[in-house]
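Listed next: structures, encoded as structure tokens.
In the two complexes that follow, chain A is the common piece, with chain B as its partner first and chain C second.
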Partner chain A sequence: MEISIIAEKLFSLGGFPVTNSFFVAVLVAVLLAITVIFFSRHPKEIPRGVQNVVESIFEGLLSFIESITNDRKQARDFFPLVATIFLFVLFSNWSGLLPGAGTIGLNETNAGQVSMVPFLRGPAADLNMTVALSLVAVISVQVFGILALGIRGYGSKFIVAPWKKPYVIGTVVGLLELIGEFAKILSFSFRLFGNVFAGEVLLTVMLTLVPYLVPLPFLLLETFVGVVQAAVFSLLTIVFLKMAVTSHAEEAH
Partner chain B sequence: MEILKQIGIDGKLLLAQAVNFLILLFILHRFAYKPMLAFLEKRTERIEEGLKNADEAKKRLDEAAKGEERILAEAREEAKKIVAETREASEKRGQELVAEFEKKAEKIVEEARERAIEEREKLFREAKGEIADLVIATTEKVLREKLDTDDAKKSVSRFLA
Partner chain C sequence: MDSVQAVVANADNAKFFSAAIAIAAAALGPGLGIGYLVSKGLESIGRNPEAHSKIQTSMILGIAFTEAIAIYALVVALMILFK
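Moving on, here comes the complex of A and B:
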């Protein structure tokens, strides 16, 4: 049994290496888009059936964001990014729990060693996906910050002249903030990758050791971890967004 | 950059994952979030408006009821006042009329009495004249007759004696 930290390549598409995790990521995105659009189109004035569920999810998420931002408009601005991150991460994590993920594949001989290439791999068990998502999130944070405060206002969080009020301390703090922005990318991506990859390893090991019943609690645990990681990722995104659009002067209050 | 390769980071895949996510974000935003949020917002507004209208209607109804009561009370008061005023005025007028008629009646009676007295005096005067004439005539007649008789002669003789 060998579990690779790198997503395995399934096939090449015009020089582009399609890995199993990328394949699943696209699959999840397509299914998610179809499902969400299907359930949220043509809303009726008086909700019935599924519309109640969809509405309460929307309302719940929106009021959750609002409880952090304390601002209805900001909540509405952040909603698309945060909701998409939550849904995409959640279903990516759960897709890695499907039977066959990480276990069904073809044996491939590479440099004299035989290794199994699974067809399906959780998208978040691949650093490419988590880093890409973190970059999107952190860049969005910067964009929202600049849009809200202007380039000068937002830049003044990071670049503080040493002859101004808190003097050198302000400059150093600004520098640390700047490093912090890059650290966010790392913490975002490795947190998600670590949790999901560890879960997959755990499940594979359990399945290999005791195929029946014993992996079940771990499967439930991983289902829960999937929700938690999706929530953590989107929650942190909201918090960072809120911090970015809040100016120094407001923070002081 | 060797370490990036070792942990499986590939520029093409990274970009593809980001694009995948952004497309999902765009599609969901365009076709799900936007219409749904707009719809929810609109309904919230409508419900708020409806509640506000209901509140206002209730307030107006209360006000109208209060106004109605007030107007009724005022009207009642007014009517009472008018009735009282009318009664007072008519009483006063009645008294005035009675007084006037009494005065007139007194005057008429007074005039009648005066006229009656005048008439009587006139009658008296006329009667006196006639009575005087009658007395003279009668006295003449009586005297003439008396003087013709013996007795009268005797009486005259006696007086003369």
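Moving on, here comes the complex of A and C:
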């Protein structure tokens, strides 16, 4: 039973190491894009088949976002980013549960030790992918905030002059909020990575102990955790977006 | 058979102890925290069933934050074990 916290490298593309989780992430992204683009080619007024499914998913996500922002226009502004994050994280979590992920691979010798390198691995089980995704989310929050409030308006949340209203405490709180933004990157990435990687370890251990029937509840648990972590990531992104776009004056009521 | 002291003194074996203690100690706080959260959330839903979905959303948000703390400790424990 081998568990590697680092995603194993499959091959190099001109100096860029392609790991198994990167490979699956690209697969998931390409499949998602193809599904949505291809089957929405000539949209019919009365949707049928795959177009119907895609539309219902989008509608569900839009109403989910609207239930939190309580503002239709903001929900439509946030929709592309949040829906992409949700669908990508959801399908990448589920792809790590497919039969063959983590089990089919090559035996490689590394410095005298034989280890197995699986071909497929859940993308979120690689810290690189979760850090990248959380960087995208947090930087987009800053960009949305600057677009809505302007640089001065948005900067006044973090850099508060000590001679203005809350006096020195305002400055300290502003600095803490700035540090909090960096802490958000860490917490986003570790939350997703920890949940998915721990799930993989759990499944590996269960399958090693009793390969038949007993791992079923754990597979169900992992499916559920995949959905919940995708929902939590996008929920937190929506909340931070909403907070970034609201100016101080609107908040005080 | 190594004596217990010899086993503990060997640096490699300290990995197992430290990983177990890390995650065991870290499971306490968020466990209690999530328990409080959910109990207050259920109580307020009971008092005001109309606001059910709003309360539920905020509750899940809070649970995500508290659970993340246990996950940080889990990641540290896994790093100790597998590095």
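Keep in mind that, in the parts below, the second predicted complex is superposed on the first by the 245 of 253 C-alpha atoms of A that agree within 3 Å, B and C clash if a C-alpha of one lies under 4 Å from a C-alpha of the other, contacts with A are read in each partner's own complex, and residues count from 1 in each chain.
In this section, a residue touches a chain if its C-beta (ideal position, glycine included) is under 8 Å from a C-beta of that chain, and two chains touch if they have at least 3 such contacts.
It should be emphasised that the depicted structure is a prediction, and the values quoted were computed from it without experimental measurement.
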- Query: After lining up the shared chain so the two structures overlap, which partner does A:63 touch, if you call chain B first and chain C second: first, second, both or neither?
  - Reply: neither
- Task: May I ask you to decide whether A:25 touches chain B, chain C, both, or neither, giving the answer as first, second, both or neither?
- Result: first
- Query: Which partner does A:88 reach: the first (chain B), the second (chain C), both, or neither?
  - Reply: first
- Message: For A:5, using the defined touch cut-off, is the partner it touches chain B, chain C, both, or neither? Pick first, second, both or neither.
- Response: both
- Message: Per the contact definition in the header, classify A:52: touching chain B only (first), chain C only (second), both, or neither.
- Response: neither
- Message: For A:191, using the defined touch cut-off, is the partner it touches chain B, chain C, both, or neither? Pick first, second, both or neither.
- Response: second
- Message: Looking only at contacts as defined up top, I'd like to know whether chain B or chain C touches more of chain A.
- Response: B
- Thinking of the overlay built on chain A, is A:142 touched by chain B (first), by chain C (second), by both, or by neither? neither
- Doubly contacted residues of chain A, that is, touched by chain B and again by chain C: 5
- Message: Please output the residues of chain A touching chain C within their complex, sorted ascending.
- Response: 3-5, 67-68, 187, 190-191, 193-195, 197-198, 201, 231-232, 235-236, 239
- Would you mind writing out the residues of chain C in touch with chain A in their complex? 53, 57, 60-61, 64-65, 67-68, 71-72, 74-75, 78-79, 82-83
- Residues of chain A that touch chain B when the two form their complex: 5-7, 16-17, 19, 22, 25-26, 29, 32-33, 36-37, 40-41, 43, 45, 54-55, 58-59, 62, 76, 79-81, 83-84, 87-88, 123, 126-129, 131-133, 135-136
- Query: Can you list the residues on chain B that touch chain A in the complex?
  - Reply: 7-10, 12-18, 20-25, 27-29, 31-33, 35-37, 39-40, 43
